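These notes open a run of structures that come right after.
Paired with chain B in one complex and with chain C in the other, chain A is shared by the two complexes that follow.
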Partner chain A sequence: MNQADSKPTPSGDIDPALLEILVCPVTKGPLRYDRERGELVSEAARLAYPIRDGIPIMLPDEARSLDG
Partner chain B sequence: MSQAASPAIFDRALLRQRRTRAAATVGQVAPILEAAADLLLDRLDDTTRRFTRALDIGGRGVVAPRLQARGVPFVVSLDLAPAMAVRAGGLAVAGDEEWLPFAAESFDLIVASLSLHWVNDLPGALLQLRRTLRPDGLFLASLPGLGTLHELRAALAETETQLRGGLAPRVSPFPELRDLAGLLQRAGFALPVADAEALPLRYRSALGLFRDLRAAGEQNAVLARDPRVPPRALLALAGARLEAAAGPAGIEPGLRVLTMTGWAPHESQSRPARPGSANARLADALGTEERKLS
Partner chain C sequence: MTELLQEARIGHPRAALDAASVRDAYRRWAGVYDEVFGAVSGAGRRRAVAAVNALPGMRVLEVGVGTGLALPHYDPRKRVTGIDLSRDMLRHAQTRIRDQRLRNVTGLAEMDAEHMAFADGSFDIAVAMFTATVVPDARQLYREMRRVVRPGGELLFVNHFAAERGLRWWAERTLAPLSRVLGWHPDFALGDLLENVSAATVIDPCPPFGLFTLVRVPNVA
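Here is the complex of A and B:
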């Protein structure tokens, strides 16, 4: 397998193999991929983790609160 | 947000800034990081296991390419700073070892080359790392141990005491070898091993050493650092002291590398039997007579 094939695209798409193993760092629960907003959403933690240039930023203090 | 009651020693936000800035300069210290990575990854030669899914933590561009060259097809690179994660060489993820963002049993190999020494809650991080390993997966980590930058620590302490009659921590506290095997065991790793190796470094001037530490993003990130004495003045004086004390070979700041290896438990691994479960007498095996201690 060649990793070059699976590099994130410039549009900010995230690698599917990576998406499969990412969880919310706070709850270790599942994430929902919001392609439109470019975010990984943890409903349990009420946090949305941003994806910048295809890189998931899985840091609780960089995440957007879903409760506004 | 705090994860546990463990005291915070390091300023993680500052560390992230430093690593972001160092992403552009870390190439300058590549030879040191490469030597450390080779020292660590040599351990892979001791096992016949083939690894297919690896996590590279804080590899700074020297670990992931080596894993790929060894035939590991899937490598994820985790770093606190996105800019550093991008240049690491695997699939980039920005994240925190204290808040690991990976599902249980995602990897069969985790490598952390000189990267776990800025973690506040090392026992907690090790536990989380063990959980992301598949059964019989390997954890390989190296970190600078007690004795690293020892002369620099002493020179800074003497200079600062002279300047203002007091001391603030300026060189990160490093763990001691005997702490590490216990930590691995506490985190549930099987067959834990910890050992120490010296990685010799040599500098002609103190400035060269400071420049490398900065290029690697390894300046002081201790929370209790004291902002009253500007590091610039202090460093100049401490640097002069280091140079005065140096031998003909120059300044040898000494990197003492502690290596940890541990396996995620699996039934195929050997383990000690329960005490009292023996069905033969040791005295018989030794062909001797058992006597009570008087």
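Here is the complex of A and C:
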């Protein structure tokens, strides 16, 4: 998890306390916060979950596949 | 994931409502939801939030937060996270949080309550109001709530549980058309949620007519 700073992101800000407890809903494994893209990345599931207007969309069906 | 969901549906007799149809119903109802649903369910919601506020834990998960009708009523010291499957509802909730400056709401997330994206033991308390009847598999909801709440924490439910006779039975019959529109199962029983009904320590009927029941289940390890 990246450190939160005050710079606004296009996806909207997420509370660090929320980021801390979020895991991949498929693997229940850790997520990497990609601030640039506004995504939460699960390397194990090869999925990137989008954050829209500060709300993470933690649904595999709506996630971007990392394998194209 | 989809296979898991399908398996869950096949394995459960009440798997009538899939995620998409639940979402669709809420999309259509998001605009008037607060007036229609808020009025009917207000007492049950207040009772549940009061029960949450009386418990010692600070980390609270509201499963099926909807438009955030309950959010302003939590003790400001509670740190509340809300999840829902309906994006439209969550937007309403977000507006409410902003307008009422609810600083104790940690965040909102769009999630399937049967497959939550929270680490084990992330919360002290999880509360699901009027949610158990709209998920495809209530027992899977219960298992997930047990997983994300720490051992020794508490699970709370407010729901309509079917009555067999009396005034409540009459009220249920009268309100049946409304309950169907809102996606409740009029015949949903406590045993559809809890594998072991005697695990509940508090079973408290709420007005009007005791139509809704507050159920509290300690999360034993």
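Odds and ends about this structure:
We adopt the following convention: the second predicted complex is superposed on the first by the 57 of 68 C-alpha atoms of A that agree within 3 Å, B and C clash if a C-alpha of one lies under 4 Å from a C-alpha of the other, contacts with A are read in each partner's own complex, and residues count from 1 in each chain.
Here, a contact is a pair of C-beta atoms (placed from the backbone, for glycine too) under 8 Å apart; a residue touches a chain by one contact, two chains touch by 3 or more.
The structure presented is a predicted model; accordingly, all values stated were derived computationally and were not measured.
When the shared chain is aligned, chain B and chain C each come close enough to touch A:Ala17. Applying the stated contact rule after C-alpha superposition, one finds that A:Pro60 touches each of chain B and chain C. Once the two structures are superposed, chain B and chain C can be ranked by residues of chain A touched, with B on top. Of the two partner chains, both chain B and chain C are touched by A:Lys28. Chain A uses residues 15, 17-18, 21-26, 28, 49, 53-61 to touch chain B in one structure and chain C in the other. Touching chain A in their complex are the following residues of chain C: 1-2, 79, 81, 87, 90-91, 94, 106-112, 115-120, 122. Per the touch definition, chain B reaches chain A in the complex via residues 1, 13, 68, 73-76, 80, 82, 85-86, 90-96, 99-104, 106. Listing the residues of chain A that touch chain B in their complex gives 1, 3, 6-8, 15, 17-18, 21-26, 28, 49, 52-62. Against chain C, in their complex, chain A makes its touches with residues 14-15, 17-18, 21-26, 28, 49, 53-61.
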